[in-house]
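Structures given as C-alpha cells follow.
The following pair of complexes shares a single chain, chain A, combined with chain B in the former and chain C in the latter.
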Partner chain A sequence: MSRIEIRNLVKMYGAHQALHGIDISIQPGEFCVLVGPSGCGKSTTLRMVAGLETISGGEVSIGDRVVNGLRPKERGIAMVFQNYALYPSKTVYNNMAFSLQLSRMPKPEIERRVREVAEILELTPLLDRKPGALSGGQRQRVAMGRAIVRDPKVFLFDEPLSNLDAKLRGQMRAEIKRLHQRLENTIIYVTHDQVEAMTLADRIVIMRDGRIEQQGTPDEIFHDPDTVFVAGFMGSPPMNLVDCMVTPDGLKLGDSEITCATPNGLRAGERVICGIRPDDIRPASDMTADMTADTAHSAPITVPINLIEQLGTEKLVHFSAGDHEMIGKTGGRVTMAEGAPHPMSFDMKHAYFFDPKSEKRIR
Partner chain B sequence: MADVATQGRTINEDRQRRWRQAGIYIALTVVTFIMVFPILWMISVSLKPTTETFSLPPRLLPDSFHWGGYAKVLTDPKFRTFLINSYVVGLAVTALSLVIGTLAAFGFSRYRFFGDRVAKLFVITTQMVPTITLLIPYFGVIVFLGLYDTLWGLILTYLTFALPYSIVMMNGYLDTIPKDFDEAATIDGCTPLGVLVRVLLPVALPGIISTAVYTFLLAWNEFLFALALTRSMDMRTVPVGISMMVGEFGLKWDKMMAFSVIGSLPVLILFMLVQRFVVGGLSAGGVKG
Partner chain C sequence: MTSTIRQMTTKGTPYFFLLPGLVILGALLSVPLYKVVEYSLYDNVIVERNPTYVGLANYQTLLTDPGYWSAGLNTLLFTVGSVLGHMVVGIGLALLVNADIAPRARTFFRSMLVLPWIFTAVVVALNWQLLLNPFGLINYILQWMGLTTEPLDWLGDPNLAMWSLLLISTWRGYPFIMVSFLSGLQTVPRELYEAAEIDGAGFWSKFWHVTLPQLKPVIYGVALLDLIWTFQLFPLVWLSTGGGPGRATEVLSTLTFRLAFVDFQFSQAATVAVSILIISAAFTLLYLRNEARRL
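Let's look at the complex of A and B:
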C-alpha cells in the first residue's frame, strides 16, 4: 500500500497543453477513479503515473519517492490495459510469470506466486493456454493476474472493462471490487463509465479538458456537484439542467412557475441554471400524502408527455417544459399516455442552482 | 407463379455461377501450366542425355532416366563451391539484413524523431534506381574497399539491395502490432531492445520469415553483380556457375539443367514451406507500409 501524490502535473504535446496542473492526493489503499469524457486527460494522467508518458511539469510521488525520472519498472506499479495487451506468443502462465522472470526471481518462487494468483482468479485450468484461446472475460482475468503476481505498490487500470459486454462488465466490476477488498492496494482506475466510477471508487476525480472539475467520494460527487459539468456528467439518465428565471416565489420555467426556495444571493429577474435529477420529478399521481405535505415539493405543473421509456422496474417520462426537454421517472407499473398533458411534481429540496456564466454552483 | 419465377431465376443464377467458376478454374490451370512448365522441362532435360534434348517430337518424359548430368555436377568440386558460395552469401545477407532491417524498422515503427519521414522515404526511393545503372559505381566502391572477388563484396552489395525491402516489410509488420504490447512489456521490466526481442519478434515471426525468404531469394538469384564483382572460380555463385556451362561451341544441357535443379530445389522447397507467411507478410507490409 502506498500513497500517491500528484502535484501540479502538466503535459505538453508540442504547443498543445493536455494537462493544466493536476493535483490529486491518493491515500494508501484508496480506490481512486479518474472519470471524464474522451480527451479530458484521464488516461494521460494515468500513463504519466505509470511512466509511459514523460512529465512536462509537476511531480508524481509514489510512497515517499518522487518517481518523475524513474523507469516504469522502478516505480512499483502494475498496469491493466484496455486491450489487455497479453503477449500472444506466450501461455497464460508465461504471461503472468514474465515480469518475475525478468526480475530474475527464482523459478520455484515464480511458480508459487503464479499458481497462487491463478487459484484466486480461477485461472489454474487455463495456465497452458495461449491468449488467443481465451474468452474476453478470461483474458481480462489473466491481465489482472499478470498485474497481481508482481505484488505492486500501486495498480493502474486503464479502462479495463470497456471491451466486455454489459453482463460480463458487471461481473468483472464486482470481481475487481472484491479483489481490492482482499489485496487493499492503492488503485488508480480510469474509465469513462460513470456506473463503474460510482460503484468502484472510494474517491472519484472528474476531469474535463485537462483540468479537475471536482474530486470527492461518490456520494459527494453525485449529491453535491460543484459545476454544471459534474452535475450533467454523473447520473443516468443525466440531471435535467434548465435555464430558468428567478421569481419572488421560486423559478419561472417556460410558461410555468415553480414555487421553491432559492439560494439567498439570487434576486428576482436573474437567470439561473436549475438542475434536478429525473428521480426528483414524478407524476403528481405518484405523490404520497407525506410528499404532498412536504413544502419542498412544488405544486404540480402540467406538461405534455413526449415519450415514455419502459425500463422494467421504472419508466422514464420525457416531457417538455417551455423550450426544455426534461426527463422524470415513475414506477414501472404506472400507466401513462404519450402525447397527453400530465401534471408533474418537482422535488425542489434536491434541486441545484448554477451560475449560467461561470457554470459554478450557487449554494 | 411467383414461386416458379423465383425458382427459375435461382436456377439461372446457379448455372451462371457454375460457368463463372469453371472459367476461373480453366484460367488458373492455364496460368499454373505456364508457370510450372519451365520447371518440368528443366527436370526433364536434366534426366535426358544431351542427344535426346531436342529430339522430335519433344517429350517431357525420357525413354530412360539418365542421371549422368547429376553425377557430373555432384562429383565436380567446382559446382560444390558454387553451391556453398551461394548458401554463404544468401544466408549471410539474410541474417544481416534481418538484424539491421528489423532494428531500423523498430525505430521507424515505434519512435518519432527528427527527419523520420524523410529517412523512411529515402529508404524507399533507393529502390527506384534501375539496378544496372549502379553496376559501375558499385564496382568502383567494391574495388576501392578491397572487396573485389570476395564473398564479402557480394554480401555487402546484396545487403544494400535487400535492406530497404527488409526495412519496409518489417516496418509494415511491426506497425500492425499494437503498441500496448510494448507498454505492457516496459512495465514488466523490459528495455526497448528487450521489448523488440522478447515480445514483438515472436509476434512478428510471419513477417520475419517472409522478409527472410524474400532476402534469401534476392541474394540467391542475383546474376549480374555476382558476375561483375567476382573473377575466380572460388568466388562464383550458382547463377554464374550455370551461365558458365554455356560454351562457345556447345551446351551440356543435362549438366546445366541438373545443376539448375540442384540450385532451385532448396529454394522451391523453402518457398513452399513458408509461402503462407510470405503472403501474409507481404500483405501486412502492403496495407500498412
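Let's look at the complex of A and C:
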C-alpha cells in the first residue's frame, strides 16, 4: 500500500506531445481507473508510472520516493499486460516464480508463495502447463498471479480484460474487485470500458488528448459531469446532448417547448447545450407508476418515434426532436408503435446545461 | 466424363509448363550423382578406357587410409568450429544491430555487417591472405601493440592454420546467421521484455529467459543448414590454404579435389565424394524433419 503522486507529468514523442501535464493523487489502497478514448494517453501514463517509458517532464512518486530515475524493478510495482505477456517457454509455475527466482529468494519460500497464490486464483491444477495450453481466462489469471506473488505495493493493469469475451470479462471483473478488497493494494487500472470503470473504481480519471478532463468518484463522474465530453463519454446509451434555445419558461427544443427551470445565469434567447440521460426521458404513458419525489417531469412533448430497440428488461425509444435524434427509455413490456408520434416526458430535474463554446457545465 | 478430362487438363497445364525445367534439373542432378556412385565402384575410371569393376574395394582402401581419417577429423573441426563461430558472432551482432538506436545508424550497421556475405570466396581468401601474411596488417598491428615480437605465419604454420581458417570462415559466414536471427528477434513481442524487466531481469536474464527460448526453433534450423553448407565447403578452404600447410587444413572436399584433379585418382575421389554425400544427406534429413515439424 503506497500513495502515488503524479505531478505535472509530460510526455514527448519527438515533437509530438502525448501528455500535457497530468496531475493525479492516489491514496494508499485506492483503486484508480484511467479511462478515455483511444490514443488519449492512458497507456503512456501507466507505462511512465511503471518505468517502461521515460518521463519527459514532471514527477512520479510512489510511497515517499520520487521514482523518475528508478528502473521498473526498483519501483515496487507489478503490471498486468493486455496480451498477458506470459513467457511461452515457461510453465505456469515458473511464470509465476520468475521474479522471485531472480531476486534469489530461497526455493521453499518461492514454492510456498506460488502455491498460495495459485490456490487463491484456482490455478493449482494448471501449474505444470505451458501458457500455450491455457484458455484466455486462465492466461489472464496466470498474469494476475505473476503480479500477486511479488506482493507489490502497487498494481498496474493495462486493459487486462479486453481480450476476453463478455461473460468472462464480467467474471474476471468481479474477481479483480474481490482481490482488491482482500489485498488492499494501490491499483492503477487502464480501460476504455466504462462499465469496468464504474464498477471497479474508487476514483475515475477521464482523459482526453493527453489531458485530464475530470476526475472523481464514479458517482461524481456519472451524476455530476463537468464537461460535455465527460457527460457524453460515460453511460450507455450515451446522454442526449442537444443544442437548445433558452426561453423565458424553459427551453425550445426543435419546434416544441419544454417548461423547466434553467440556471440563473442564462437569459432568454441564448443558446445552451442541454444534456439528459435516456433514463430520464420516458413515454408520458409510463409516468404513473414510475414517479417519485426525486423526479420533476415536464409536460410531455409529442415527437415522432423512429425506432424501438428491445433490450429485454427495457426498451430504447429513438425519436426526433427538431433536427436532433434522441433516445429515451421505457419498460421491456411496454408496447409502442414505431413511426407514430408519441408524447414523451423529460425529467428536467436531472438535466445538465453546458456552455456551447467552452463545453463547460453551467451550474 | 468430359468435365473430369477438362479438370485434369486444367490441373495439368501448370505442370506441363514446368516439365522442361524439371527434366533439365533432374538430369543435371541425377546423372552426375549416378556417375559418381558408379565411379566409386570401379578402378582407374576416366584415365582408362575400360575400368575394372572392384566392388567396395575403394571404400576399403579409403577406410584404412590415415589421410582420409585426418581429413575427416579436420572436416569435423572445421565444420563444428565454423558453425559455433557463426552462431556466437551472428547472435551477438544480431542483438547489437537490433538495439534501439538511431534508425539511420541501425540501417548503416546492418548493411555494413552483411558485406562479408556478398564477396566471392576468391576475394575473401585473397584479402585474408594479405591480412594474415607475415608482413601483413594483422602482424603489424599485433607487433605494434606488443602482443608478439616475431611476425606469425598465420596460414603457413601448421599449428595456427586451422585457427586462421576458422577465423576466415567465421567472418565469411556469420552474416547469414545474423540476418536470420535479426528477423527472429523482431518477432519477439516487446511486452515479453517489458514483463521481464518488471520482474527484475537484467540483460543476461532477458537473453536467457526471453530471447533464447523464442529463437530456439530458428537456432536449430539455421545451425543445421549451416552445418550442411560448411561440411562440404570447398572454395574458401582451397583458396585460403589449399588444405595446407602439409595436410593441416585438408578437409574432405579439398581431399576430393586433390585426388581427382591433382593426383588423377578419380575412383578414390568419387569414393570420398560419396562419403560426403552420405553424411550430408543425413544432416539434410534432420533438417527437413525439423522444418516439417515447424510447419
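To be clear about the criterion, the second predicted complex is superposed on the first by the 356 of 363 C-alpha atoms of A that agree within 3 Å, B and C clash if a C-alpha of one lies under 4 Å from a C-alpha of the other, contacts with A are read in each partner's own complex, and residues count from 1 in each chain.
Methods note: a contact is a pair of C-beta atoms (placed from the backbone, for glycine too) under 8 Å apart; a residue touches a chain by one contact, two chains touch by 3 or more.
Bear in mind the structure is a predicted one, so any value in this text is a computation, not a measurement.
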Clash-or-fit label for the pair chain B, chain C on chain A:
clash
For A:S56, select first, second, both or neither according to whether it touches chain B, chain C, the two together, or no partner.
neither
Of the two partner chains, chain B (first) and chain C (second), which one does A:L102 touch, if any: first, second, both, or neither?
both
Regarding the shared-chain residue A:S25, is it in contact with chain B (first), chain C (second), both, or neither?
neither
When the two structures are overlaid on chain A, which partner does A:T199 contact: first (chain B), second (chain C), both, or neither?
neither
Could you tell me if A:F81 is touching chain B, chain C, both of them or neither one (first, second, both, neither)?
both
If you stack the two complexes on chain A, which partner ends up touching A:S89: first (chain B), second (chain C), both, or neither?
both
Residue by residue on chain A, keep only those touching chain B in one complex and chain C in the other, then list them.
50-52, 71-73, 77-79, 81, 83, 85-90, 98-99, 102-103, 146, 150
Of all residues in chain B, which touch chain A in the complex?
178, 180-181, 183-190, 194, 199, 202-203, 205
Touching chain A in the complex, chain C uses residues 189, 191-192, 194-201, 205, 209-210, 213-214, 216
Write out the stretch or stretches of chain A touching chain C in their complex.
50-52, 71-73, 77-79, 81, 83, 85-90, 98-99, 102-103, 146, 150
Once bound in the complex, which stretches of chain A touch chain B?
50-52, 71-73, 77-79, 81-90, 98-99, 102-103, 146, 150
